[in-house]
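What follows is a set of structures for review.
The following pair of complexes shares a single chain, chain A, combined with chain B in the former and chain C in the latter.
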Partner chain A sequence: MAFEVALICCGGVFIGLLALLVFYLFSVYNGLVSLRNNIDKAWANIDVLLKQRTDLIPNLVETVKGYMKYEKQVLTDITALRTSIMGAQGPQETATHSEAISAALKTIFAVSEKYPNLKANENFLKLQEQLSSMENQIADRREFYNDAVMLYNTRIKSVPDSIIAAMFHFTESEYFKAAEEEKKAVQVKMGG
Partner chain B sequence: MAFSNLPAAIPCCCPTLFFLAGGLAAAGYGLKEYRLVKKIEDTPTSKIRSAAVGLVEIKGRARCKDILASPVSGVKCAYYHVSAEYLHRSKNSDNWITFYSDSSSKQFYMEDDTGKMLLDPAGGQVSIKPDFSSSGNLSGKALFGLIDIKQLDKKVLDFLEANPTIKAAFQQHSGTTIRVYEYYIEDGDELYALGTAEPIPGASSAIGNENLLLHKGRGEGYMLVSDSQESRIVGSRKTTALISLGAGLLMAAAGLLGVLLSLSVLAL
Partner chain C sequence: MYLLAAISTSDMAYAEAFYGLFQLFFCLVGLVLMYLGVSSYLWARKIENIPTSKIRSIAVGLVEVKGTPRPAGTFINPISKKSCAYYNIVISYLPGTSTGTRWVELFNESSPGKFYLEDDTGRILVQSESKNMGVMPRTEFEEEGKLSPEVIGFLNSRPETKKGLEAARGKRILVTEYCLDGSTELYVLGTAGQLEGASSEVHSENLVIRRGSSDKTFFMSGKSEKDSIRNSSLYAMVFMAVGFFIFALGAFFAFVTGLAIESLSLLSRGS
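Let's look at the complex of A and B:
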């Protein structure tokens, strides 16, 4: 009788431990899925702003081209960058082009100071305000996205989560940050 | 197995069944807290200006939408909570039992360097340190008025004078020690908040600023407002969660073993 009682107890403990292990594996897996979804959501939030900014560039070029007769190159560059960001693949490449667009926009707004008539143009002022607000929001969302990536990348490299991550092919995510070499390449292209 | 013995086993299993149920309840609480801790850890902080719809974590300062006055201290605030407990003495232990509590139901703003967002604390957890507390007796007398003991603070007595219904509730426990806590969020207090952001109906867009309302989401939604730093919230709640989960599982396992043992002994 004692043997049967011991057997029942051991069986109970074994089933309990097994249930705990399964629960733990599920919770780690679900946690990783949730972190990956956070990245996708954060990326979608940046992407929508980048698209909105891209859509405003032709309007800006159209508005300023009549005034900026001596800065045609900046306008050509920003139009080229607009085309290239639309074909960019992945966060890093997108970030490289996005940073170049931000720099070009800054140049346009700085140069506009030389043209009082342009500064008085209501359409230009509205576009400048919209684009500046978008730049701020992109910067905030970029920080949020990079935080989400950092949390995820740290988790998939930490033991024991790394074991589940390797089993279910959770791979490292890219930061929304321009690679230095690509940045230089885009700057060279911009300079002509 | 002689299952005919099963009814006889029920009274024998009762204490272990209570152990099992208590353990499961503690483990459930621990699990719920642990999930909240994971949400806090896994959610990056958003800037209010660019916060998006969904689960959002923000840090900033409280800003009043409607200026409220805390009921006991009369301090101007954005949110308040008051609770009163009496000391219940029994043979085995002394317990504090809450007999009165009240919270403000008004929404307030949270502001950071980039903008401000409306917060609705209704249904959520507002975890802040007490700003005022007082304990003592309602009359300051014990043993038929023969002995002087500590009386509740004057602010509490004034508050009760102005609210006869609440005073009646206090008078039911006049023979025991009462303690009163008041919590409030003042304009400018540093806060941490985690909740579900949704567009305010009729707002111009679904992006940050004053177009979103942070509240407790539907289903298993979260809404936590705290005056502690994120690392402190995570640290203290994780400890509570793990202790509850571990102790609960151990209790449940012990209870389950007890049930199995009782059943097997009776069956054999």
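Let's look at the complex of A and C:
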């Protein structure tokens, strides 16, 4: 009888410890899933803005082309970038093209200062305002996305989460950040 | 002591039942504490896992934002006349010793729970709930016998307090003012959703942060995110450790008393 009682008590404590361990492993796994979902959601939130911005580019080109006759290259560049961003794969490639579009937009808005008639065009002003607001939002969401990626990448590399991450193939996520070499390549291509 | 008492009555069944309940109680308390620890742990992880959004570009869904509260209207705290994003006034009195020494609430008034949260990029409406308002700084003052003109003026403007004031006449009165103002840096975790009827050109002004319908999370704190995570993690560790200790203690008692009861029953059979 004493042996049985001892067995039950030790068994109880052992089961308690085991339950805690199982719970911990589940929570690590669920935490990683939730972090990965955060990244997907953050990416979707950037993607929607990038698409909206891409949709506005033809309107902008259409509006400015009548005025900026001597800046054809900038307009050709931005149209080409619009096409390339639509085919971009993954956050890093998208970021490279997105940054190039941002730079091209900045150039268009800077050059527009030379054209008073364009500056007075209501449609252009509205587009400029919309695009500037989108640029700010993209910058914020990019920061949010990169924070989400940093949290996830840190967790999958920290012990003991890294063990669960390796077991269930949680791989590192890409930051929404242009690779320097790609950035240079895009600039060279657009410049000449 | 109880064991000896139980032995002296030679009622083993009674002793077994008594100690069974005693151990069960220990184990249950241990389990409840462990559950609280687990909840705190999950909560800390939840806060940790959500990055902070900038208000300007906030997306619909579960969000975490930090900022300064601003009034969504004109809310002047009626006693101190301070402008607050949210206020709550509680007036209580201390009844006579025969009825106890606990403060009895006489009056409780709050401004509507909506206020703006502002960061360096924009502002968003927050629909809070009174139970989240523990983060507000509070001012307390006690009044005995003669009430100050500010409090009298305020109570006169609220005729419903007349009856309660009769009961509180000559007693100690405690006036507590809570005021959420711009000096409190707030951390808010909740669901951002469409604000009914809003059609602003500014994206964030068409949204409201509140308790979501699917994710019921809503949390507000005057502490920083780091402190909230550290506190929850600490609670989690303490609850889990103490809970497990109590649970193990219950199991140990079961073991020891089981042995004792069995030895006694063997002894009684032998004699």
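The definition used in the following text is that the second predicted complex is superposed on the first by the 192 of 192 C-alpha atoms of A that agree within 3 Å, B and C clash if a C-alpha of one lies under 4 Å from a C-alpha of the other, contacts with A are read in each partner's own complex, and residues count from 1 in each chain.
Basically, contacts are C-beta pairs under 8 Å (C-beta built on N, C-alpha and C of every residue); 3 or more make two chains touch, one makes a residue touch a chain.
Every value quoted in this text rests on a predicted model; they were computed, and no experiment measured them.
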Clash or fit, chain B versus chain C on superposed chain A: clash
Which superposed partner A:Gly16 touches (first chain B, second chain C, both, neither): both
Of chain B and chain C, the chain that contacts the larger number of chain A residues: C
First (chain B), second (chain C), both or neither touched by A:Ser102: neither
Partner chain(s) touched by A:Asn45 [first = chain B, second = chain C, both, neither]: both
A:Ser34 touches, of chain B and chain C: first, second, both or neither? both
Touching partner for A:Asn59 - first (chain B), second (chain C), both, neither: neither
Residues of chain A that lie at the interface with chain B and also at the interface with chain C: 1, 5, 8-9, 12-13, 16, 20, 31, 34-35, 38, 41-42, 45, 136-137, 140-141, 143-144, 147-148, 151
Chain A - residues contacting chain C, complex: 1-2, 5-6, 8-10, 12-13, 16-17, 20, 23, 27, 31, 34-35, 38, 41-42, 45, 133, 136-141, 143-144, 147-148, 151
Residues on chain A engaged by chain B in the complex (per definition of touch): 1, 4-5, 8-9, 12-13, 16, 20, 31, 34-35, 38, 41-42, 45, 136-137, 140-141, 143-144, 147-148, 151
Chain A contact footprint on chain C (complex, rising order): 27, 34, 38, 41-42, 45, 48-54, 56-57, 59, 61, 121, 203, 240, 244, 247-248, 251-252, 254-255, 258-259, 262-263
Of chain B, residues touching chain A in the complex: 38, 41-47, 49-50, 52, 54, 114, 207-208, 249, 253, 256-257, 260-261, 264-265, 268
